[in-house]
Structure formats: C-alpha cells, structure tokens
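Please find one structure pasted underneath; my questions will follow.
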Amino acid sequence: MAKIIGNPLPDMPWENKPAGCTEPVWRYSQNPIIPRNLIPCANSIFNSAAVRYQDEYRGVFRVDNKAREMRLHAGKSQDGVNWTIEEEPIRFVCENLKDADEVGVFEYGYDPRVCFIEDRYYVTWCNGYHGPTIGLAYTFDFKTFYKMENIFIPFNRNGVLFPRKINGNYAILSRPSDNGHTPFGDIFYSESPDLTYWGCHRHVMSTRGGWESTKIGAGPTPIETDEGWLLIYHGVLTSCNGFVYSFGAALLDLEKPWKVLKRGHSYLLSPQTLYECVGDVPNVAFPCSCLTDSETGRIAIYYGCADTVTGMAFTTVDEIMDFLNREG
Amino acid sequence: MAKIIGNPLPDMPWENKPAGCTEPVWRYSQNPIIPRNLIPCANSIFNSAAVRYQDEYRGVFRVDNKAREMRLHAGKSQDGVNWTIEEEPIRFVCENLKDADEVGVFEYGYDPRVCFIEDRYYVTWCNGYHGPTIGLAYTFDFKTFYKMENIFIPFNRNGVLFPRKINGNYAILSRPSDNGHTPFGDIFYSESPDLTYWGCHRHVMSTRGGWESTKIGAGPTPIETDEGWLLIYHGVLTSCNGFVYSFGAALLDLEKPWKVLKRGHSYLLSPQTLYECVGDVPNVAFPCSCLTDSETGRIAIYYGCADTVTGMAFTTVDEIMDFLNREG
Amino acid sequence: MAKIIGNPLPDMPWENKPAGCTEPVWRYSQNPIIPRNLIPCANSIFNSAAVRYQDEYRGVFRVDNKAREMRLHAGKSQDGVNWTIEEEPIRFVCENLKDADEVGVFEYGYDPRVCFIEDRYYVTWCNGYHGPTIGLAYTFDFKTFYKMENIFIPFNRNGVLFPRKINGNYAILSRPSDNGHTPFGDIFYSESPDLTYWGCHRHVMSTRGGWESTKIGAGPTPIETDEGWLLIYHGVLTSCNGFVYSFGAALLDLEKPWKVLKRGHSYLLSPQTLYECVGDVPNVAFPCSCLTDSETGRIAIYYGCADTVTGMAFTTVDEIMDFLNREG
Amino acid sequence: MAKIIGNPLPDMPWENKPAGCTEPVWRYSQNPIIPRNLIPCANSIFNSAAVRYQDEYRGVFRVDNKAREMRLHAGKSQDGVNWTIEEEPIRFVCENLKDADEVGVFEYGYDPRVCFIEDRYYVTWCNGYHGPTIGLAYTFDFKTFYKMENIFIPFNRNGVLFPRKINGNYAILSRPSDNGHTPFGDIFYSESPDLTYWGCHRHVMSTRGGWESTKIGAGPTPIETDEGWLLIYHGVLTSCNGFVYSFGAALLDLEKPWKVLKRGHSYLLSPQTLYECVGDVPNVAFPCSCLTDSETGRIAIYYGCADTVTGMAFTTVDEIMDFLNREG
Amino acid sequence: MAKIIGNPLPDMPWENKPAGCTEPVWRYSQNPIIPRNLIPCANSIFNSAAVRYQDEYRGVFRVDNKAREMRLHAGKSQDGVNWTIEEEPIRFVCENLKDADEVGVFEYGYDPRVCFIEDRYYVTWCNGYHGPTIGLAYTFDFKTFYKMENIFIPFNRNGVLFPRKINGNYAILSRPSDNGHTPFGDIFYSESPDLTYWGCHRHVMSTRGGWESTKIGAGPTPIETDEGWLLIYHGVLTSCNGFVYSFGAALLDLEKPWKVLKRGHSYLLSPQTLYECVGDVPNVAFPCSCLTDSETGRIAIYYGCADTVTGMAFTTVDEIMDFLNREG
Amino acid sequence: MAKIIGNPLPDMPWENKPAGCTEPVWRYSQNPIIPRNLIPCANSIFNSAAVRYQDEYRGVFRVDNKAREMRLHAGKSQDGVNWTIEEEPIRFVCENLKDADEVGVFEYGYDPRVCFIEDRYYVTWCNGYHGPTIGLAYTFDFKTFYKMENIFIPFNRNGVLFPRKINGNYAILSRPSDNGHTPFGDIFYSESPDLTYWGCHRHVMSTRGGWESTKIGAGPTPIETDEGWLLIYHGVLTSCNGFVYSFGAALLDLEKPWKVLKRGHSYLLSPQTLYECVGDVPNVAFPCSCLTDSETGRIAIYYGCADTVTGMAFTTVDEIMDFLNREG
C-alpha cells in the first residue's frame, strides 16, 4: 500500500476504529477536544492548525472573540489533544516588511494552516487587506511570528503550502474568492522561487455535484506519499437553509500537483453530530491540519465543528487510499 | 363523520394519542423510525413513500448517498415501522420507452410517491431531465420498475397521483417550480387519458400567509373520503435563516379536485423535535405517504425529518375533519 | 441547395440584398413597418405573427396598451408590409372550453405565433394563468378565435407549433421558464395526439456562450425544408446593463426534431439600429413569424424591435443554409 | 458606581452569578421560563415584554400561533418567572382613533415593548399597516388596551419608548427598515410633544463589525442611571447560514440620548445554548424587557430564544458599567 | 367641468394641442427646455420644481454635478421656459435648527418640490441623513433658504406638500423606501400641526399592474379642484433591462386625501422620445411641478427626462378629468 | 507646468479644443473613429490599445465577433485615426510557455492594453483561464505575439503595466474582481522581478461616491510626468438601469505608485453622445490607451464607446494637471 513520506510520530493522538464502523474516517470519541470558551475572550475556537514541535505539539488557532472578531492565537499541547491556548492573539513582527505601516496592520485573520518547510514553521491564513487574501508569516518557536508579504492580491482564501519545494519552487494551493460568502470556488496551484513573488498559476480542481457542488478548498498541508500528494479538502453544498461543509480526499501528482490522479466521489466526513450541526454556523466540518505517522500510516485530522469548537477524526493512509481506489 | 373510501388495514402501524395531547396529529414515540445510515451508502434516508403490498409493506425511499447524490431505493417491512432497504438504487427498466438512451438516463431522483391504481403501483418522483420534472414508473412487485415518459416538461416537483381515474382520466397534483431552491409554488391539477399525455391543467391552491407563505406542495397520495379528497400538503415559511417546512391539510372536491372545499388555517405539524430541527436541512417536516384503515379511520403519516431521517405521525380522519371544520 | 417544403408565395414582401452587404440576413429599408402607436390604445406593437391568408395577409399582434398591459389584436394587410390592426383586442370564444369561467379568463397574452395546420390557423402565445404558460386557440377567419386548453402547466413561454403532424402527433417547441425575467432557458419539444394532452417531452437545445448565453427560445413556425426543419430562434446575452436579444438559426431533424443537425455559431441579426436599440426595452430583436416562398426560397422575417415597434428582415433558404454549413 | 434611577423592586426575579462565571451577564438556570406551547394556540412564545404592575408582574407577549401568525397576548405572573398567558390575543380598543376602520385593523403584531410613563403602560410593537411600522397603545390594567396612531410611517421596527419625557417631549428609539428580512439597520431617536406627532429624528448608532455588523435595534426600555441611559440592544451578524442575533450594551446621554457615551465592543450574550441555537429561527437571543431594582442594581433581562421560547438572564448595573468602562 | 382652485396665471407657458393628437397630455415642441450642461458644473439638470413668483418664475433644480453628486440649485425665468440657474448650489441657513451641526449638514439632495403655503415657499426634497429622507426648508425670495427639521425618519422619497392646511393640519404625500434603488413603493399621507412633528400616517395608493407595477410616487404639488385634489404621479415598470418611469393621474378626496376617488388606468405620458429614452438613466419621465391657470384650466408640467434634461408637457384640467372619468 | 517624460510625437493625432469648450477633455469631432463592423467578423470593436510603432501606429483591438465572443486582433494605422484591423484574431505563440497545452489555450480575451518596456511591446488583457485574469504576451512587430504566464490567479481585470521598472521591478495596476459583472472593485499595485512571479501587492485607490461609486479600474498605461504618474482610470456608477462608465484622473507617486498624490473629484468624460449612450452596452466610455507628445504635452485618448465602437478624445498634460490641482 501507499507510504507516507515523512517522520514517524509514534506518540501521536490516536484512537482505533470503532467496532462495526465501515467508514474510512472516524471521529474521536471525546470530541470536541477544544470547547468554545477555553480562554476568557473566546466566543469560539475552531478552524485551527496543529503541528509537531520538538517532542510536543504547537498550533495556531482561530479564535473568534466575543465581539466576533477573527483572531489567531498560538497554543501548545503535550499530547495533541489537550491544548493550552494563549489568551492574547499573536502580534506579528513586521520589522523586515516593506511598508509595514500599511501591509503589516492586522485587520482580521482566520482559518490558519501551519507548514514546516526546511527550517521553520510557516503560517498561512485568510488575512484581511482590503479584502480577504492569504497572509504569510514564519516562526521558529511559536512565540515570535515574522510577517511576510501577502501571497496573493485579494480575494483569496484557504491558502495551503506544500511542505517542500517542488521543482525548485515553493508551492501553494489556494481558492480565489470574492469578498463575501463566496458562492463559487475552485482550487488553484501557484509557485514561488522566494515566497514573496508568486506565479505560474494552475487550475487544479473544480467543484462537482453533491457534497462539493458550491465550492471546494484545500484543508490540511498535503501529505506526501509515494503515490502522490494526499489532499484532504472541504466541499460545500448549498441547501435551502445555507452552506453545508463536508470534507473529502484527492491524490495529486507529485511533480505536477495540479494534475489530479484520483478524487473521492463521496465525502469522508460530513456534519452529523450535534457539535457539528449546532453552533454559530450549523453544519460545518472544516479540516485545517493533520498529524501523520509514517511508520503506521496513521493520520489524525483536526477540524472545526459548526464554526464553534474543534474536533478530531482519525484515519490511515491505507483507508484513504482504499477509498480513493474504490471511488476515484 | 367522514369515512375513508378504501381498504381496511387492521394491522397498520398505530399508536394512540398521548394523554394530554390536544393536537390533531401526534408523533410516533419511537421516532425516527429510519436512521440516516440504515444502509452503508446512505448519508440520509427521508422523504419516502410506504404502501401496503399484499400482507406486508413496501416502499420507495429517498436515499442521498455519501456523495450527496439523490437516489431512489426500494424497501420492505413486515410492520410498516421496521424497514429493510435495498443497498442498491432502483435501476429502472426502459425497454418500452421511446428514446430510452436519452430520457431513460437517470440523472437524479428524489421525493418519491407511490400510488396503487387499478393493477399496479405507480411511482412518481422529482426526476432530473435537464431540470427537475416529474418522473413516472410502475411496478408490480417492487423488484422491477418500468420507466414511463416524464409527466411534465421541467420544471416541476411534488407530483402526486390520485389513486383512481377521475371523470375517466388519470389525475395528478404537482407544483411548477424553477431550477433552484424555488421561492414560490402553488399546487396545480392535471389529467391524462393514458398517463403519457397530460393536459387540462387547473390551479388548485395558492400560498397563503404564515406557515405556508413561500410555497406549498402535495404530500401523500390524496385520501378518498365520502366528503372529498383529503390532501395533506407541506407549506414553507421563509425565516431570516431559511425555509421551514411544516404540513397541513385541505379537502378537495371529489369530482373537481381543483376546487378546494376546506383548508386548514394552521399547520398540522411543524418541526419542533431535535430530529426535525437538526440535520442536513434544519426545520423540515415533509410528508410523502400515508397508510389508512377505512374501518377505524386511522391514518399513519410517513414524513422526512430535517432532510435526514424518516419519522411517522398518527391521526384519524375524524381528527383531520374536525380540524378542517374548525379552521377551514 | 435546400428546398422549402410549402406553398409558393410569389407576391410576398421582398427587398433584394443591398449591394455590399455580406450578411445572411438584411433589414428592410423602410423599417419599422409598424409604428408603436398605429392604433390609439397602443403603447407599442411588436413581437407579432403574420401569415398568408387567402390572397392577403393576416396576423396576430402583441399590442401593449397605454396601461402597459399585454394584449393580442388581429390585423390584416394586402402586401404584408402595411398593416391595419383591430382597435379592440381579440376576445376569445370559450364555448367549448371546460371550466371556461376559470381557464377562459384573459389575464394577459403576449408574443403570439400563428401556424396553419390542416384546415385552420392556430395561435399560440404566452398566456397568463397563475403564471405564464402557452395559450392555444384556433381561427378560420381571424375574426372568431376559439380558445382551447392551455398547452402546458406554468411556467412556459415561446410555444411554437410545427406546421404539420410529426409521426402522427402534433408537435411544439417551447421554453420552460420561471415567473419573472427568467435568467435561464432551453428549448424543448413536446407532442400531442389531439392538441389537448401533451407529453413525450424532449430536450432540444441548451444555451451556449456569447449571444445566446442566458436563454434561447423558438421564433417563427419552423420552416420545413428537404434537409430538416429550419428554426430561427432568439438568444439572450446578459450585459451589465441587461438582456440583449439577437436571433440565429438551427436545422432540426425532420422526424426527430429534438435532434439538432446544424446550429449557427453566430447570430443572424443583433440589435444595431436605433429602433432596435432604443425603446421600451433597449437592444431587442425578437422574431415571431416568417413568410416563405417555396419557389424562390425567399424568407421574410417579422421581428419585434426594442419591445416597441415591428420590423422586417429578409433572407433566403440558401443564405441560411450557407450560414449553417459554414458555422454549424 | 452607577445608580439606577427608579423604584426598588426587592422581590424581583433573581439568581446569583454562578461560581466561576466571568461574564457580565448570566443565564437563568431554569431557562427557558416559557415553553413554546404554554397556551393551546401557540406555536412559540418569545420576544416579549414584562413589567412590574402593582405587587405582581404583567406582560405583553409575542405569541405566534399555529398558522405562524404573529399575535400579542397579555399575561401575568406573581414572581416574574412563572407566567400565565391569556389564550386570546389582545383586541385593541380603537374608540378614540380617527379612521379606526382603517388604521385600527390588526394585520399582525410582534416584538412588543411595555413602558410605564406617568400614569399608564404604553405598549409599542411592530405593527402591520401596509408594511411593518411601530404601533402604539396604552393600558391601565392589562385588560383594556387603547390603540393610538402608529408612531411612524412604514417601514420601521423595534420602537422603544423612554420611560419619561426628555426636554419636555416623549422620546423613542427605533430602527428604520425595509419590508423583508432587512439586511441593514441603525438606531434613531425621535421625539413627540403628544405621542401622536413625531419629529426631530436623530441618528444614534450605526452598525459596527463582528456581532453587530448587519443591523442593530434597541431592546428593553432604556434604564435610567445617574450616568446616562443604559441601553441593551441586539445586533445581528450574517453568517453563510443566516442571521445570528446577540445582544450588547451602550450608554446614552441623559439629555441628548442620541449621543452615545459608551458602547460595548463585545456582545453581552450570544446564542450558545440548545434552546437559543435550535428552534424556529436558529441562533437568536433577542431582549425585549428588563426588571430592575434601584436598591441593589439588579437587572433581569427577558429575551426571546431561537424565536421559539422565552428565557431570562441576570446582571447588575455595576456589571454592565464595568463592561462598558472596560470596552466602551 | 372641474375647476382649478387657485390663481389665474394668464401668461403661463403654453402650447396648444397639436393637430391630430388624441392624447390627454402633449409634449412641448421645443423640448428639452433645459439642456444637461446649462451651467458649467452640471452633468445633468432634471427632476426640478418651478413655481410662480411675483410676476416671474422661480424654481429649485436638481443639478447633478460632474462628480455625479446630487445638488439643489435655485433658478429663475421670465417666461417659465427659458431659465437661468445659479452656478452655486443652495446653501441652507440652519440658524434656527436644533443640532444644526448634525442635521444641518448637507449630504445630498435631489428631486425637489416647491409649494407655496400661506406666506412662503416650502421646498421638500430627498435629503441624505443616514439614508434618504424628506428634507424641508422655506424661502421668501429664493435667495435665502431656511432649513427645518427633516420630515421623516429615513428611508423616504418623493415628499410632496399640499398647498394648504387640511382639517387644520399641514399635509404631505410621501413614499417610504429603502436605501437603494427601491423595488417597491406606495404613496402615504401624513399630517402635522406645525411642520415639525408628523403623524396620522395613512396609506393612499398601492402599485398596480403594468406601467405602475413596481412603485409609485407623488409628482407635482397636488392641484386643488372643486372635485378633489388632482394628483399627477409617477409609476415604475421593471423590464428585463431596468426601470421605466411614466406618469399618470388620480383624484383624491378634498378632506380625506388618502381616499382615492378616481385613478387613471393608463399612463398620461411614458418615455418615447429620444431625450426621454437616452441619457444617464434611459426611459425616465419624472414630473416634479406644475403651473396652472385657474381661468383656463391650463396645466404645464415640468418633468425630468432620462435623468438628464428637463422637459415640459401640457394639458388642461378638462383633459385630465375626461381621462379620469374614462379610465378611473 | 508638469512635463511628460517620454518621446516627442509631433505627428500624433490631434484636434484643438473647440471654441467655448470649458472641459479639460474634448471629443474628436469625427468620432467614432472605428465603426463596429470594420472587419467582416466583427460585431463591435471597442476597448482597444494603440501605440506608436516606428513611424506608424499599431494596436491590439478588442473585437467581439458575431457570436459575441471576445477576441483580440492586431491593427495598424498611418495616422492613428484611420485603422486597418487584421481579419483574423491574434494566435499567441506558446512555444516557451510551460504547460502550454493548458495555460496556452485561448478561452477569451478582452480589454487589451499595450505597453512598450525596454525593447518590446507587452500586451496585457483580461484573459479567460478558469475565470478572468490578466494575460501577458509580448511582440516585437505586432505580427508574432509570445504568450507568457498569466500575471495573476483569477479573478482579475484591467491589468495595466507601468512603462518602466520601478525600484528595480516591473509594476502593474490591476483590479481584483469576481467572475461576473463585478459590483465592486479597487485598484491595486503589484511588482515583479521577472514578469513571471508577482508580489508585494499594495492597495492604491478605493471607490468613492458619485461617478466612481461602484468600481474603478486603471485605463491607459500610466503617463510619466515629472510630478508623478498620471493615471486615467474608469469609474462606474450603478443607476437603476445599470452601470455607467465614465473616466477621470489621478496622480500617483513616482517611486511608490500606490500613494495617490492627487485625484480628480469629477469625471473627465462621461457618456453623453449617442454613440456612447446607445449600443451593445449603453452608457460606456472606457479608455484603454493614450498617445502623448512630450514636447507639447498633448494627449490623445482612445476609448471604447457603448461597448460597440472606438472613439478618441484629446487633452493636454496641463489641462489634466489644472483639473487635478483644482479638484484633487
């Protein structure tokens, strides 16, 4: 079967597949792992990114405060399940940023992803700069975050870096958007020699029917396998009562990641539990990060639930590959 | 009081009105009777039609699969409450259909109704053919389903046959629609000498205020009584957070069913339980079929809940007639 | 080249192609032929149908009165160019119509077509009956018009009969719609054994890009040729300032008219003159009838201009066939 | 600290702040206090106004009946928590109203507020008169209600009287609206010498970001304090799945109440419990009245939950003032 | 026949009905009387109000400047046809206005009407104050204009005063609106004892089909006749390419002007000339003032054309009354 | 006064300001210079870019063909006024383009600009690649055009290069958009070291009220002057009948072009002539290129009229600077 290219992570959070479960992905039995009010200022803590950091875990968290402003907070955990989140939002250091008085101003930030490349952790997020676009920063320690240039001109969301250079360039997936509750959206691929200037934009995937008929967007950092980049992505269906966010999977070509090798027809997980169906935005399951263990192929997915709390689900590279082979 | 014209059905599903209940319709205490994942492929099983078949029950079920595609499945039950549903969708036989390569293609199908006329069971449903319209098929055994011509040109939904010819013609209620989440909709009546060609379209009922202010549509096969056709129908109210589907009742003239004799002012049942208010589409109660016992006047209503699961509610022809006399 | 199947009409209105014109269709130099206020009550006289009648011409005209209500008027002409229009709208005789007190009521009527079949002239139009649908009437003399059942359930527009039975059934093209300024619309084909009951609906043509990207609809009665049914149809493009109506051509299979043999890529005529670009609805060229001469292949097209006046354009079957061969 | 100007109310409903709670407002532990079906005709009982009346409590209640029509009912309570509501809606006496046959007709009424001024209780509500506007009536005994002229021309909602004349005139806050689910809305101030003729309209507060980004509206009768009028108001955020109603606080100038002295940045309470998040309109917390005790500074807030049931929350003038000083 | 109650105005602008014209209203042969660029700053000069002043004419003009900002300018004329307009906009004197620093600020102003009552000329217009509402000012000399309180809370347009008190109160017609290109709108009546405080709002007329199906609004100051108030008002039809503004007439009860005695079914004038159909807003004829001669019954109507230039049309009280008797 | 930095162009097209004209920009008396049907395939020829080429003129023209598809054609002229346009669209050479089979496909192209930088002519245009974005190509001879990578990820329009590197990087203005008739839009600045990878996006200008209240976009290549970059840009106002496109001017900082030094309050030219007000899209004046003479300061502006034909207008750098000093 397929093999994850990456580090072993033997102590990653894990729970075996429940007896009788026939699904490729299963929820953590103790969900949600982060309640909406874990820190005093929080209205909700959801679409958030966790990564391995030394022998612990670190993360960047979407925290909407009680004015319903969207902020990013750093957090840490010993086990990847029980988290401590900083009470104050991240204040990005802009000392090396041109025109920092303008582009360094923090308007709003949400839906962060964290990606380790080479020697540091890069954070991308939906960053307000005269409209939503993709913000970029890096950190070595999850204490000091250095802001870089925005990756795109507005309007863009769901910018997700690849964990290594591809053909000599940094690479990112993103979803061009408009400035509201965008009712469309495909995934594109872009590359950069230096993380400042971006180009060679390629269309990757369009929406399709059913669960992913309105828009799609990349979720966690793509997982490198020997068969291709494993992409977990969200898809949106518009019912007469609004958007429903589920997530599914696709396999992208290793060298030309805008080539889709396989794509699951069904979702992997859709909002079905009370904590996914009831909250600030009903019916949302929105994945932003994964932990993986290259030894066992285990994958732990962190996902936002109802735009209110954070949940966790589990699978393995074999489960996903079986799913893609069956459905792709 | 009014009398149901039809067969006795002494062993039909039934539960007495709970003590203290003053409503004309009451929910089954074991709702939902069909969970969303009864069969492996299912995301949800809801707006569905059950009928008597020999000494058992059969049905055609709306099953949305995990790609959120809308499919029709056959099912059976000994008691009308506990159902077995085929894991594979119905594959319609098109051998007698002109241009079967075109109009026989199954795009999508949902919200089926089943109606026994003369010697066979007819299924109508919302059928995708360059837009939603009313599909028609018949079966003798719920194993082989023969597809016929679509009843209408698009766009139409909620096509519900009458259980016998009226004035020598087959008859149907339907709701002309558009191709999206239609924000309007009245009930019309049409007739046909042969179930292929349809005409003499008559307007039956418009929307009114309150619970049925946005659109209305016929629900189960009309129930013939000595006083008129008893029609249970759904109505939609648009709140600032979307559509709310409730259901009510009207009495139609026996010979000119587009003449409304009585119409309830209030709904009979609106979404109020957790399984009606939370799910893929919050706040939906959508009836598609009834079982009736002409001896006792008992009526069991099958209805979709939150576009996710199937529930059952009970009433009697006397309860409904009282309601109509009080409110109509 | 192709040959029109039909009667010779040697004295039909005609004007030769202007020198230097390279277009397949050319406007009449004296356009518009009918001014907006030809009769006292008229605000505008436009989308209208002219036919040969004995050795003269007769027509049914869309006349919007000064309350901007849409009415149908009869008219006549010696030469097909200079018209006299009745000052009073057509009052349809409903004596043979079931439920005439309901379905015989005239709400509004517009965009008439007239089609001679067998022994009489049939008028179809967009008829208000709880929404727009296709009205049907016949006349022998353009004095008495007998209303028949509406052809479709609402919502429908642009119903255009074929001039003979096809495979033993009457046949019609139409465009299912919604109840407003419909922003979508394909052409469908339906058939009837008796002009009352209709079925066997087939999809004919979808919208395409450019001039016909929003919706399309049949125009004049299809012209029978030895190569197929020649269909002149309108197409709509949505600019940032509204709809633009042009018209083009397609060739349909003689026996299966829902099969498109050829279809012009370009429009034949788009609104470019002042009387087509300025008026109650700017930028509309909307054809509703043709006169043809089987001897010479000449075709005269009557079309509404800016929803205000009536114009005429000329072509030949050879011009159109060349166009279709070049572009189809 | 600030002092409420008003009567002591030592036996008002109260529950101490739960241990560990750090919020300025806390919910009543027995919420909801009024279930949706307290009286037989009721579909829901929510946005409602309670006041002190002699040594008991009286109120005017929004009751949507089972036709989902919006009605006003009177009610009473010994303790302010357990309520008895009249089964019949209020029938307003129009004997002194000019053109009572026209403006006295009750179309619909919702979201009442009750305000004691001088010698009687005034009721304002959203009153249907060719669109929503502000209805006005008075009562001495909550049995007979005398209708007065509508305060504004449509379209208006959330009209909330001040409890005394200001600079010699009666005064009201309101939110101009449109005739649907208005997607905008600021709070204005108007005054009247006689409660019939109104003018000197002043803009008070606009929407801001976050929880109050779509529209805002006054909630309970403003509470007079020695530092200003304490205004509890609702704000609406539009998520991709609809409106979310929370409530916050502001302090208005005593003599020029359109001058905002302080305004909380965060909400005081947002929908987070199941009874606030699930119901006829998910995610609504909508306050309409307060009881206050000038001795202790205690405040009890009545608020509608999910447009379905009525809840209660508690705070004190000190809590709110701290909140405003911290955030305003 | 009916008689205009008012002053004789023997030298008012006039042109006889053209030979052959059968319409109740006819255009001035020299239209437009005011070109778009009469003064240097002007982009357009249209919806404007002219009145008799001593032995000359004065007016308040809507002038949109070249930034497309809406401004009011004063102007004068010897003959009512050839106008001189001030190059600078009116600067309203606010010295007697409470809170002049706030409500006296000029945001924008358009569509003025001028009405002489008792001893002075009152100007009403659509005035920007946190949304469009009705501004009010008075002048004795058309040089100094004194601003008064806004008549309504936003959102309102087309406020038109009656030229005398009715039942002891000042009276106005207006059209409640929203804050955009309002797609609805009825005419209401309101009264005031003092021009500051307004109340007793009455619904006058709703939209109807055809030319006035989207919204209606009062035009010139109502003309008093012995049979009632003669109201010329605009109506809007929404075509697929936008709004079409025509105007018609109604007769209101003298003492209860919200009672409509007669109402014309057709329009009096719709945009049909090039200067009405082409301009900044195609297809607009928008009347704002009249001159009348009580001796002859002559009426001269000033109306905006295509939101670009100003035109004039003529009629008589007899023509209008005939029209109303024929159609009302 | 200000001085244009650039080449002299003594024989450029020119016409003196008409006597009596007080406007800063005046139309060419022979407008339109290019009729809609100059070449056989053309429906319209409008938003187009002309440049000096050796001792003649060359251009890239937006030609919508008779299918209303948007194409780019090359053209040439001796005098800049009388143009010859290639009958065939430009076929871009993609030989050096990665993945040319995908990103080299021509979907549609419109609104070209041409900019000479260093040694060649660069063409930018709105290029269809899964949505509108900015296409880039270069040519040395206007015969062979070499396609490069798209400059941005969709959705973007109105990409306009600066004619030299700024601070060592190539620079562009653009307007992020959505995928329809975008109802919003600001101008942004981006830079690139190599014309392939772009970054350092800066917001330049937002919409303002009046003529530029809906969206704005850069027009011709910015004109370098000793006082700053002179930017002529279009602005859009939304009337009830659609968009109105005018154009105005701003002055940008030479080294930090996202800093706006001056900005005209009024438009320079709005659609007022018949050829600007009537056509495929009424009321459009859309500038895409300029010719300038550094000796005299003369400026000739090419602009699209009503999305149908091409016009020309004249001004001088002094006129514009006076305008900006007066209004900016």
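A, B, C, D, E and F label the chains in the order they appear, each numbered from 1.
Just so we're on the same page, a residue touches a chain if its C-beta (ideal position, glycine included) is under 8 Å from a C-beta of that chain, and two chains touch if they have at least 3 such contacts.
Since the model is a prediction, treat every value here as computed from it, not as a measurement.
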Of all other chains, the one whose Cα centre sits farthest from chain E: A
Counterpart interface for A-F, drawn from B-C, A-D or C-E and sharing over half of its contact pairs: B-C
Chain copies touching (chain C, chain E) - same or different residues, decided at half shared: different
From chain F, the most remote chain by mean C-alpha position: B
Rounded Å distance between chain D and chain F, as computed from the means of their C-alpha atoms: 55
Inter-centroid spacing, chain F versus chain C (mean Cα positions, whole Å): 42
Where chain C and chain D are represented by their mean Cα positions, the distance between them in whole Å: 59
Residue list for chain B, restricted to those that touch at least two other chains: 241-242, 278, 282-283
Arrangement of touching chains [line / ring / star / complete / other]: other
Chain-chain contacts as defined at top: A-B, A-D, A-F, B-C, B-D, C-E, C-F, D-E, E-F
Contacting residues of chain D [partner chain A, same complex]: 22, 209-211, 213, 237-242, 244, 246, 265-267, 270, 272, 274, 277-278, 282-283
In the complex, chain C residues that touch chain E: 36, 40, 43, 65-69, 181, 241-243, 278-283, 307
Touching residues (chain side chain F, partner chain A) in the complex: 98-99, 102-103, 129-131, 133, 149-156, 174, 176, 178-179, 184, 186, 188, 190, 192-194, 196-203, 206, 256
